[in-house]
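Presented sequentially are two complexes of chain A, the first with chain B as partner and the second with chain C.
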Partner chain A sequence: MAVADDIDRPTMGEAPGGGSRRRRLHFARIPLHVAVIGLALLWSIPTIALVVSSFRTPEEIAGSGWWNAIKTPFDWTLANYDAVLSQRGLARAFLNSIIITAPASTITILVAAFAAYAFAWMRFPGRNLLLLVLVGLLVVPLQMTLIPVLRLYVALSVDVEVPLLGGKLFGTSSYPGIWLAHGAYGLPFAVYLLRNFFGGLPRDLIEAALLDGATDMQVFFRIVLPLSMPALAALAIFDFLWTWNDLLVALVFLGDPNLAPMTLRIANLVSSFGASYQVLTAAAFVSMAVPLVVFFALQRYFVQGILAGSVKG
Partner chain B sequence: MARISFDKVSKLYGSVTALKELSLDIENGEFLVLVGPSGCGKSTALRLLAGLEEVSAGRISIGDRTVNDVNAKDRDLAMVFQSYALYPHMSVYDNIAFGLKIRKVPKPEIAERVAEAARILGIEELLKRKPRQLSGGQRQRVALGRAIVRQPAAFLLDEPLSNLDAKLRVQTRAELAKLHERLGATFIYVTHDQVEAMTMASRIAVLNDGELQQLGTPQELYDAPANLFVAGFIGSPAMNFFGTTVTPAEGGYRIDAAAFKLDLTAAVGLDLREQAGQETVLGIRPEHIHDPAFLPPGVVPAVIETTVDVVEAMGSETFLHLAADGMPFIARVDARSQAKAGQRFGAAFDLSRIYLFDSASKLAVKRLGKPDQSDVGVATPS
Partner chain C sequence: MVGRRWWVPWLWLAPALILVGVFLLYPSIDTFRRSLLDARSQDFVGLDNYRFIIENPQPLVSDTHVALWNNFLWLFVFTALTVPFGLVLAVLTGRVRYEALAKSAIFIPMAISFVAAAVIWRFMYEFNADIGTANAVTTQLGGEPTAWLQDKHSPLSFVTDAGPDNLPGPLQLNNFSLIIVGTWMWTGFAMVVLSAGLKGISSEILEAARVDGGNEWQIFWRIIIPILSPTIVVVATTLVIQALKKFDLVWVMTGGRFDTDVVATLFFKEAFVIRDFGVGAALAVVLLMWVVPVMVISIRRFQFQEETR
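Now for the complex of A and B:
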């Protein structure tokens, strides 16, 4: 898109005949655009099917294909959503997903940003070795860690009921426990991504701030973080999606069904209400809605040229 | 404001020596220029002083305080970077005010000091803009403003003009010199451009391969370069060099270059006693080679037969690319010179302005004193 935009934009001081050349280029790109849009549509079909089906009755779903619903007369129903949010305990699961995901992603991003700054801009012995070990952790399969971490959680369990949120203070079936687990699982990639971005900031900027009297903490908060919004936004979206869509970690660390997130509850829907396909589609769409909101909210930070004007090479 | 001194300061990166035992005293209010080719250690010296690199050996002090172990932020120095290093997400005002905000200066005082700095630099209308909305010259001023507003002990400038176009560079050069005078602060300026060094410095330190070659006023470096490197580095176009031997001759010495011979009497002012029979390098600046038809007063001419390769008329003067027996060199002669490419040309060397350097040590042969104005030498074709 960006490329096409650049080409479409008129430029000053254009040579005669430049317009037709640009138009030719524009036409030459039509097959490309058609292909890209076609692929995007193809890719979206299952999602569209899911959304459409979620507005249909069980009889219709069983009786005809989802595309029939797009034809008039429209005979759509909100009954599935009503069922999902009121009857199947999915409202609580939705809330649980938010309770799990928001702090877990915040922990990952916050810790990773501090660590990434240190790896990129602070000098301390063993820096490179530590970074190497951390990046090495990227190849450790999550599944290998489940049993040791679970045993650790059982040993460190704090059996105090947390008011409002529910669950224990720490251990299995506790929110802080799963926050830490998700936070830690996301760290290697997050640190790696942010360190590379921070390290790419112009050295002169950091040094200028240091000479202006800033401490490392001030450089981090006032220079590095504001300039790293694209990377932080990207990371926030990734990490939010991973945590939101996670089933395995929740399955292992949250024994209490009252604490279970959407993913767990939807998976249970499949097994216990195997025939209730229509409820499943509505639940899946509710589960998709939040990541979409997060994505569109952070999308505006994906802007190029945030560093423009800082240094001239 | 304070005196700054380097005491046998060295910097090693692994096994590479970037700076070798630099000793340098910078007086309060001085405009000191560190000049040399890339990789000579000049930027390293500045970064060591700023506290951006750690000293490997030696001592750096600001005033009475040794600052080897003092953090960059506590050294009270301001630096202007070659890249300007403006904070892109802040307005010009916030860029300039950043150092004051960090130091928790009261807001009204910040506003006052930023306004004053903006007035000095003529950037009052730009205060609300972002760096990306500024031209190169404006960014450079903002970078200067960020330094001025802090009222630091000294200003460190790392090639601040190298990103400006030629015309703006000349203009900014003059403005910087004016600014220095106005602020009365110590400026330490790093550049590879000897013209910047010559035009702005109160003193110049020439560095090469991490070693200090010579420290002196621009005129001292021009008139009496300590060695072959300084002689070749200071001055534009660079000094011409010829490999020669010195032999005692009747009434003085004979300097034998492959292409020509010069007979020097003692009056030329060079102490050649130790050079007799030695390999030496003869140096003469292009501006001290004249067209015999337009000799300025006071010149002690010795005419060398040459052929003209290229004539570059600049209007105010003419550069002649000459060759004496295949040996190329440049002369900067009077604009009225009639020399034509391909023709023979008698180049008049001003013998009172020649330099000799020892081939082995590369050091300049000492001068005995001012040469007198009588006819002290004759050239003979070889």
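Now for the complex of A and C:
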């Protein structure tokens, strides 16, 4: 490329802003490119190792490094995925992850949106105090809540088998139980994020609508929610990934292995199978597939969610 | 504002208040109470559970000192690694045309679960140098294969030489191996937030500094870092909270064996394996205590933002 020509050119004494200066900068940028590409590769290697290995036979995984497989990409096999999905209950665990995550995230977003509207556009005594409590709760470790909630669930357990879904009607090892727990644990962040976004909507628009006789419900559904789609999308992605990737809550509240989500099932595979990587690599990649698709399809919203939660006020 | 009946706001808030009350507020207070009761939450035992944590009477079953020390190590090393990595990557990626692609590569680990990351890195850390990438590199460079997740030796040989090396050292290699995985996952977060902060710095300021003869190094330290410092504080506090609550990663990678327990994993063992709710609750309270300074900072910041809205 043009870079090669620049090496021989004298760079001393060039006037600033001249064409040669630009070429010199171009040459000076080589270490930058090496650093950026090198770090990006370094960060990708662990994931690539896992993905490549998941397509190799057990003998190959145990016998030679994953880097050897890159030379022979045509010998790859889907046998590990077949084994994992058909034999190890991973298909059911995948379904469980969806059954747990979708309603839990819906609860969080719906409940948080109503509360955020009240915080942003209604006046009531104690509003600021409640907001401060909420901001404080953002950082409370989940561990503070687990023992009492578990005791509560044991006490309130409704031992009736739910048809189709499986699990009990309520309590530990029940889907409604973990929906409510996840739904509640996501709330402080969700209310905080949405309230900040709702509060930033044009005041004139909302007050004019209310003065014209629109009810709060109409303003909420016809003005606030449609205008807040970016924030709602960011929150939805965030909360979805947070719940999908959770291990701790599932570990505490889902005793029944038939209800276990992917994370819990894989964690158990790690402890029971140790180093049988043909199972683990394929299982881990299946669990990563959904977050990766969500991430690549909606990366912009995901990044916005992070920024809204941590930078903006 | 528009006139509403007094109870209307409370109706809108009710579902959130009930859920937060039942699942966060009431349990937090109840955990305080249980930390003063015995293992079955029946008899009052005063501060015995806290004394258990301080005196560490059963180091073989649940080593509270190791867990407390490791939490401190996580807090400090994890944050001290992740923030500079994120900052350097934010600065570097912002200067190339394939910024989005490079950022994606760094950011992907943020989207996957700690469980998946644990599987990925157990494979990286595999002892067999024919399979494990870390040991393949080590042996290529002429080193010996290392048991990254089991080895309690200090990576700094002078620390190891200072004492008997079969005792758990204060700076164990395996803890650093775990912290590196955490850094791998969270650097993307630091990078994205700091990069947004960088983009907010007006190009005129930077250009003025360049015209005045400042080199890139001086501009970085004397202009970018001071302007970015509020954002750096936000990133660091988020990472501190993450470091303190770290559970999944340690639980799946080592299960707390080889003296890698942190407070969050020890809490889980005490509360749900040994079923000592007293010590478990006390450990949760200890975790909360670590978080309180961050809580104060974030509430202050929130109040400041509200005043300046």
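Following the convention adopted for this analysis, the second predicted complex is superposed on the first by the 250 of 313 C-alpha atoms of A that agree within 3 Å, B and C clash if a C-alpha of one lies under 4 Å from a C-alpha of the other, contacts with A are read in each partner's own complex, and residues count from 1 in each chain.
In the analysis below, contacts are C-beta pairs under 8 Å (C-beta built on N, C-alpha and C of every residue); 3 or more make two chains touch, one makes a residue touch a chain.
Remember, it's a predicted structure, so these values are computed and weren't measured experimentally.
**Student:** State whether A:Val139 touches chain B only (first), chain C only (second), both chains, or neither.
**Tutor:** A:Val139: touches chain C, not chain B.
**Student:** For the three-chain arrangement built by superposition, which of chain B and chain C touches the greater number of chain A residues?
**Tutor:** C
**Student:** So, does A:Ala49 touch the first partner chain B, the second partner chain C, both, or neither?
**Tutor:** A:Ala49 contacts chain C only, not chain B.
**Student:** So in the superposed three-chain picture, is A:Gly255 touching just chain B, just chain C, both, or none of them (first/second/both/neither)?
**Tutor:** Touch status of A:Gly255: no partner.
**Student:** Which partner does A:Phe114 reach: the first (chain B), the second (chain C), both, or neither?
**Tutor:** Second partner only.
**Student:** I'd like to know which partner A:Pro202 touches here: chain B for first, chain C for second, both or neither.
**Tutor:** first
**Student:** Scan A:Leu210 for contacts with chain B and chain C and give back first, second, both or neither.
**Tutor:** Touch partners of A:Leu210: chain B and chain C.
**Student:** Both chain B and chain C touch chain A; at which residues?
**Tutor:** 207, 210-211, 306-307, 310-311, 313
**Student:** Show me the residue ranges of chain C that touch chain A in the complex, using the header's touch definition.
**Tutor:** 1-2, 4, 6, 8-10, 12-13, 15-17, 19-20, 22-28, 30-31, 34, 41, 89, 92-93, 95-96, 98, 101-102, 104-109, 111-116, 118-124, 126, 130-131, 133, 136, 184, 187, 189, 192-193, 196-197, 231, 234-235, 238, 241, 244-245, 247-248, 251-252, 255, 264, 267-268, 271-272, 277, 280-281, 283-285, 287-288, 291, 294-295, 298-299, 301-303, 305-306, 308-309
**Student:** In the complex of these two chains, what residues of chain A are touching chain B?
**Tutor:** For this pair, the touching residues of chain A are 202, 204-205, 207-215, 218, 222-223, 226-227, 305-313.
**Student:** Can you list the residues on chain B that touch chain A in the complex?
**Tutor:** On the chain B side, the touching residues are 50-52, 71-74, 77-79, 81-89, 98-99, 102-103, 130-134, 136, 139, 146, 150, 163.
**Student:** Mind pulling up the chain A residues that touch chain C in the complex?
**Tutor:** Residues in contact with chain C: 29, 32-33, 35-37, 39-41, 43-47, 49-50, 53, 61-67, 107, 111-112, 114-115, 117-119, 122-124, 127-128, 130-152, 180-181, 183-185, 187-188, 191, 199, 207, 210-211, 216, 241, 244-248, 251-252, 262-263, 266-267, 270-271, 275, 277, 280-281, 283-285, 287-288, 291-292, 294-296, 299, 302-303, 306-307, 310-311, 313.
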